[in-house]
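Both complexes shown next keep subunit A, but they swap its partner, so subunit B is in the first and subunit C is in the second.
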Partner chain A sequence: MEILTQVFTISLIAAILRTTAPILLVALGGAFTTKAGIFNIGLEGQMLMGAFFGVLGSMWTGSALGGLVFGVTASVLMAVIFSVFVVTLRANEVVVGLALNIMAGGLTISLTKAIFGVRGSIVNPAIVGMPRIHVPLIHDIRPLGQILSGYTPLVYTAFALVFLVWVILFRTRLGLYIRVTGEKPEAAQSLGIRTARMQHIASLICGVLAGAAGVHLSLGYIVMFAENMSSGRGFMAVAVLIFSGGDPVKVLLGCLLFGFADAASLRLQTMGVSSYLVLMVPFVVSVSALFLLSWRQRPKIIRETLQHLTAPVVAKGQGS
Partner chain B sequence: MTDIPLARPERHVPVWAQGLIGQMLALLIALAGGAVIIWLVGESPLHVYEVLLRGALGSAENVAGSLLQATPIIVCGVAACVALRGGLFNIGVEGQLYVGGFAAAWVGFTLNLPAGLHVVVGLGAGMLAGALWIILPAIMRARFNANEVVSTILMNYVAVLLTSYLTIAVFKRPGGWSETAPIAQTAYLPQLMDGSRVNLGLIIGLALALGLYLFLRYTGAGYAVSTMGSNPKFAAYGGVRVKRNIVAVLLTSGAIGGLAGGIETLGVHRRFMEGFAPGFGFDGVIAALLANGNPLGVVVAALFFGALRKGSLLMEVETGASREIITVIQALIILCVSAQILIRRRGGISGEKRWKF
Partner chain C sequence: MAADIAADFAIEMIGITKRFGPLTANRDVSFAVRKGEIHALVGENGAGKTTLMNVLFGMHLPDSGQIKVNGAQVEITSPQVAIGLGLGMVHQHFKLVPSLTVAENIFLGMEIVRGGLIDSASQVAAVRALSASSGLAVDPTRVVRDLSVGSEQRVEILKVLARGARIVILDEPTAVLTPQEGRDLFRTLRGFTDQGMTVILISHHLDEVLEVSDTVTVLRDGAVIGTEPAKGLTEARLAQMMVGRPVDFGRKRRDGTAGAPVLTLTRIHARDDRGLPALMDVSLTVHAGEIVAIAGVDGNGQTELAEVVAGLRGPSYGRMNLNGRDIAGAPADIVRGAGLAHVPADRLVRGVDVQASIMSNILMGRQDSSAFSKGGMIRWGRVRAEAAALIKRFDIRTQGPDASVKSLSGGNMQKVVLAREFSQGKQFLLIDQPTRGVDIGATEGIHDEIMRRRAEGVAILLISVQLDECMKLADRLLVMFQGCLVAELDPKTVTVNEIGLHMMGASHNRKASA
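Presenting the complex of A and B:
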C-alpha cells in the first residue's frame, strides 16, 4: 500500500513535469514580449503552426530535429508578421493576435487536407518523434530516475530556459533594453535605445520558443497532429504572463500550477470522471488564478491610478 | 461630362466614404492573399472563387442559406460591437452563444408554456445565461482591471465543454447522439418562409443593429459609451461612471451573445446539439472589427461572412479545398483592416494601444 501511494505521487510528479513543459516554453517566449510591452495574444497560433510544421518537417526530413527546425521557422514567420503589424504599422495587438490565431487554425486544417487528404488529424508512422533521454547514472536509481530521466530534450530545455531567460532579462544589456522599452518607452527612446527594434527582437525570440512549444506538442508529448491541438495552452500562457508580469520564476510557478491541473485532470479521467468536466479543469484554474491575482494586486492598481491622476493628462485630439 | 465633376478632390470625400474605400481595399488585398493560399493548396483560385459565389448566391435556395448562416453572425456581431464601442473586447461571444443556446433549449424542452410566451421565455433565458457567463470577467475588469480579453477567451473553452457535458451526461435524448431532446413546438421561433430555416432571428438581428446604431447616435447614454471607448479619461472627467458602464456594456454584450445562441437552438436546430454553432461567435467578433464598430456595417460584414460560409459548403464538395480556407480569408481581411485603419488615422476604436501590463 505504501509503495502504491509512492508510485502514485512519483508518476504524478513526472506527469506534471511533462504537461508543464509545453506551456512553460510558450510562456517563457511570451515573457520577452511582455517585458517589451507587447500584449501577445497570438501565442496560441504560433504554437499551432509550430506543431503542424513540426510534423511536416519531421516527415519530410525523416528526423525530429528537422521537424524542430521547420516548426520553429513557421512560428517565427508568424511572429515576424505579428511584430511588423503591431510594432511597425502600430496596429492593435489584440486584433492582430486574434487574426493570426484564426489564420493558424484555418491554415493548418486546409494544409492538412491539401497534403494528406484527410480532416482532423495526421497520424503517420513516417512522423519521427523526439527521442527520450535516459540520463546516465540517475536513470537506474528508482524514484529519482523516474522523476528526472526519460523525457524528450525539449522538457529539459524548458526548465533550463527558466534560468537562461532570467539571466538574459536581468543580467544582459539586451534584457535591460527590452525591459526599459516595455516599462518606460519614452525614457528608452531618449537614451537612444531603438524601442521598435527591441520589440521586434523580443517578438522573434518569442516566436522561437512558441514554435518549440508547438513542436513539443506534436513530436514530444504525443507523435501526431490534431486540428487545434494547442487547445488553449497559448491563452493559458497569456494568463500566466498577465499575473506574473513576465518574471521567469513566477512564470515557472504559474506554469507548474497548470501542469498540475493538467496532470491531475488526466488522473481524474482514469478514475471515471466525465472527460468534458476533466478538460475544463485547466481553464477554470487559469481563469480563477487570473481573477484572484488581479484582485490581490489591487493596491498596485490604485497606486498606479493615483500616479496617472497626478501626471499631466495628455489630450488625445482625434476621438471618433 | 462637364456639368458635374464626378471625382471630387480627396479631402472632400466624407469620413465614412473614406472608411468604406479603405475597407474595400482591405477586402481586395485579402481576397488576393486568399488566392495565393488557394493556389498553394493546389486549387485554381478563380475556380474556387466562382464556386464560392455560386454556392452563396447561385439560386434562391442558396441565398436563403446564406441568410440563415448570416443570422447568428449578425447577432454575435452586434454583441461584439456593443463591447467594442465601449472600448472593450468581448472575445467570449462564442461561449455566450453556447450557454445561451443551451439555456434556451432547456426552457424549450422542460417547461410547458403557451406558444409565443414560450419563445420569449426561451430567448430570455438565453440572454440571462449569456449575461451571467460574462458577469465575472465584467466585474473583475471594472473593479480590478483584470484583462477581459483573456478571461473571456478562457471562458469560451469552459462554456463549450460545460454544454457538451450537460448535453451528453445529463440531458441526452435516449437513443440520440450528443443532442438533447427536441424542444416543444410552442417554443419554435417562427420561420419567415417555406422551404428554408431562415427565421425571425434575422429580423431580430437587423432590429438590434438598427437599435444600437440609433442608441449610439442619438442618446446621451450612447454618447457616454462611445466616449468611454474612444477616450476613457475624458469620459471619466466628463462625469461618465466608467466602472459601472464597463459592467453594463459587457453584460449587454454577453446577453446579446446568449440571444444569438437562443435564436439558433429555437429557430434552426430545435434542440441543443454538441458543436451546434462552430465559430459563429468568432465570426461576429471579426464582423464587428471589419465594420470598425459601426452597427450597420456589422450587418453588411455579417451578410458577407454568412455568404462565404454558405459558399464554402459547395466549395468543399466541388473542389479539393477545405472550407476552412474562408477563415484564412477572414483573418487576412482583419489584418489588412487593422493595418489600414492605423495608416489612415492613428488611434481610434480598435486602433488605440491601450494594452499594457
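Presenting the complex of A and C:
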C-alpha cells in the first residue's frame, strides 16, 4: 500500500506524459498506415534509426533541430524502402517490416562501432538535447505547472497531433482517400483514386512521425544513444494500432496505458524492485490489455429460455 | 432492324473483338444503342456481356473495332474517360465504402472542399437535390453499412448521376432486389429515358428484360446472335437464342407423394455472428420425397438457417431432429452421419477447395470411409475411378479427375459440389442457392438432378433467393422475413406478387398485431 501511494504522485503524471509521447508519436504515424490498409510492423526499426541518426545529426550540426532533421530523414528512408517493397512490389508486409527491424538493429550497432569505436552506447557532451519549454504563467503554479510545463517540444507536438491527425483523417480529402484505400480499395480505384499513391503517402507520414519518436528517445530526456534503444515501443504502438483500428482518440488512450506502464516501471525500479521484473511491466500490461479486449469481444454462446421467448424478442417489434 | 441515321445512336460499338490469351471473349461484336431507349444485353454467363461493357467503360482495351458515343468516334482508355463522355456504370457488386455516409460515398473522388476541409453540409444538400430530381429516395446522412441492398443500389445510381452520366449501364441490377423493389427500379429507369437519358441493362432474368426494355441484344459465345425489339419477343424465343436450343421453363412434373418426416425443426432460435437474434421460432418439417423451398430476400436469416441445419451454428433454443436423431447443436460430421448432404450457398467458401483437384474435392468428407482409405492411407485409385464416374454422370466439362477446380467455370464447379453431395445416398439434402452464378443451360441440368433426388425419395430443403426457382421446384413454399417463417404457400397457386408481399413482411406485421 505504501508503495502505491509513493508511486501515484503528481510527478508520476508528468512522467506518464513524458513516456507516452514517443509511443504516441509513432502510433499516430502508424495510424496513417493502418487506415491505409498496411500492417506496419516496421515501426520499431524506423524509430531506432530515428534515435541513432538524431544523435549523429545533433553532434554534427551542433543543434537539436539538426538532430531532428537527421533522425526523421533516416526514418523516412526506411519508410520509403518499406513502401516500395510492400506497395509497389507487393511483398509481404510482415516479412519486410521484420527484415527492416532487424536491419535497423544491426546497422545502428555497426555504425556505432564504426563511427565512435565503441560498443553499446554513445554518450558524448557534443550531443545537444532537446530544450525544455517553460510555459509562461503556468510554469510556476503548482501542481499545474508540474503537469503542463517543462516538457520538450516533441511532447507537446505528440499530444497536439492527436487532434491534428483526427482532422486530417476525418475531415480532409487526403484522410478520406487514405481511409477508403484501407477499407475498400476497389471502390477507391473505380473512382480514380490512386490507392498505391495513398499508401505511399501514408507510409511517408508514418516515417516522419516514427523518426520524431526516435529522436525524442535519444535527444529528449536522456541525451544518448543506446543499442536497441526503442526497446519494443514500436511493437507496443503496433499493439495499440491493432485494437484502436488507427482511430486517433483510441490511439491516445492505448498509448497512455503503455506510458503509464513505462513510467510505473521506472518508478518501481527506483524503489528497489528487481529491474528484471520491472522491465516486464509494459509487456505484461500489453498482453493483459489484448487479452481483456479479445475476451470482451469473444463470441458469446447464448441460450434463450422460455421466458425470453414469450417476451418480445427484439426491438423490431416482433413477437414470437 | 436498327438502321436509322447514325446521329440517333447514343452508343455504337462496331466490330469489337477482345481476346484474353487463347479465349475470344468478344468476336466481331457490333452493338448499337439508340438515344432514349432501354436496351437489354442478355446472354449466358461467359457469353461476353460483361467483357463488352468493360470495353465500353474503358476497363479493357479492345483488340480491334471502334466505339462511337453520340455519333463521335472515341478512344475510351480508362473509366475516367468513359465518365467524361457521360457514361456511368452500376456494377453488380456494389463499390460502396461501408463506413462512409451516403453523401460521402456519392461524392467520393469529387469532394466539395472548402478551406482544405470537406464541406459535408454542401455535399448533403447536393445529394438531397439530386435525390429529389431523380426520384431515388435516400437519406444522405445515413452510414452505408446500415442500408438495405435496395438503398445501396440507389446510392450507386446516384453516384453515377452525380458524375453527370447520360448513358447508364446497369449490370444485373435486380439480382438482389425483391420483385417490388425491382419494379420501382424499372420505373426510375423509365423516368431516366423520359428525360432523354439512355439505359443499358445487363440481365439474365428474361421476364424482366421483356417487361422493361425497348430493344434486346443477345450474345452467345462472344458473338451477337441478334438485336430485336422487345415487343414481339417471347421468353422461350429469347432463351433459345441465348442457349442455342429450346429450354423448358414450366414447373417440373412430379409424381409420388411425400413420405415420413425426415427433418423436423421445432421452435428454433439462433443468433448471428454479432449475437443478435437471426432466427426466431422457426418450425418446419421436411418429408421424404418432398422439396420444401425457403424464399426470401437475401439476409433475412437464410444463411443462419442453413448453418444451423448443417451443424455449423448452434441454435440458441429449440429442437432439431434428423432421421430420428437429435441434432440440435451437434457438429457437422455428426449431422452428416445422421443423413445430411449439403450444397452450400457460396461454393467458393464452403463448397470446394479451388486449389485442389476435382478428385480431391470429390473425396472430401469421405476420406475416412473404408471405400476410400485403408490403414490411414488414401486409396487414390478408387477415388480417381469414383471421380471419373461422377464427371461422366454429372456432365462436368473438364479435362479429367486431376484437373484443378480452379480451371472450371462456375456452373461446372457447382456440379462438382452436387456430384459429391448427391452421390452419397443421403436421405436429406440441404441445398442453398444451387444456381447462383450458373447459366441457364447448366441451371436446367441442376434442376433435373434435384428432381431426380426427389423422385428417389430424398427429403430436400431448398433455400433460394430466386423466386422462379422456388416456384419451379417446390412442393411447399415457405417465406422467410427477418428471421421468421412468415408464410407457407402452395407454389401451384400463388402469384409472384403475393410472395413478394410476404418477402417484404406485409403479412407478418398483420399477424404480429393480431
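Keep this in mind: the second predicted complex is superposed on the first by the 288 of 320 C-alpha atoms of A that agree within 3 Å, B and C clash if a C-alpha of one lies under 4 Å from a C-alpha of the other, contacts with A are read in each partner's own complex, and residues count from 1 in each chain.
Everything that follows uses one rule, which is that a residue touches a chain if its C-beta (ideal position, glycine included) is under 8 Å from a C-beta of that chain, and two chains touch if they have at least 3 such contacts.
What you see is a predicted model, and the numbers here were worked out from it, not measured in a lab.
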item: Partner, of subunit C and subunit B, that touches more residues belonging to subunit A; value: B
item: Partner chain in contact with A:V287 - subunit B first, subunit C second, else both or neither; value: first
item: First (subunit B), second (subunit C), both or neither touched by A:V180; value: second
item: Subunit B versus subunit C as contact partner of A:R132, first or second or both or neither; value: neither
item: Touching partner for A:R194 - first (subunit B), second (subunit C), both, neither; value: neither
item: Which of subunit B and subunit C A:W295 touches, first, second, both or neither; value: first
item: Touched partner set for A:R171, first subunit B, second subunit C, both or neither; value: second
item: Partner chain(s) touched by A:A91 [first = subunit B, second = subunit C, both, neither]; value: first
item: Subunit A residues contacted in one complex by subunit B, in the other by subunit C; value: 301, 313, 316, 318-320
item: Residues on subunit A engaged by subunit C in the complex (per definition of touch); value: 167, 171-173, 176, 179-180, 183-184, 186-188, 190-193, 299-305, 308-309, 313-314, 316-320
item: Of subunit B, residues touching subunit A in the complex; value: 37, 40-42, 89, 91, 136, 140, 143-147, 149-151, 153-155, 157-158, 161-162, 164-165, 168-169, 227, 230-231, 233-234, 237, 282, 285-286, 289, 320-322, 324-328, 330-332, 334-335, 338-339, 341-343, 345-353, 355-357
item: For the subunit C and subunit A complex, residues of the former touching the latter; value: 79-80, 91, 95-100, 104, 108-109, 111, 113, 116-118, 267, 269, 271, 273, 275-277, 280-281, 314, 316-317, 482-484, 508, 512
item: Complex interface listing, subunit A residues touching subunit B; value: 34, 37, 39, 41, 81, 85, 89-96, 98-100, 102-103, 105-107, 109-114, 119, 231-232, 235-236, 238-239, 242, 245, 274, 276-277, 279-280, 283-284, 286-287, 290-291, 294-295, 297-298, 301, 313, 316, 318-320
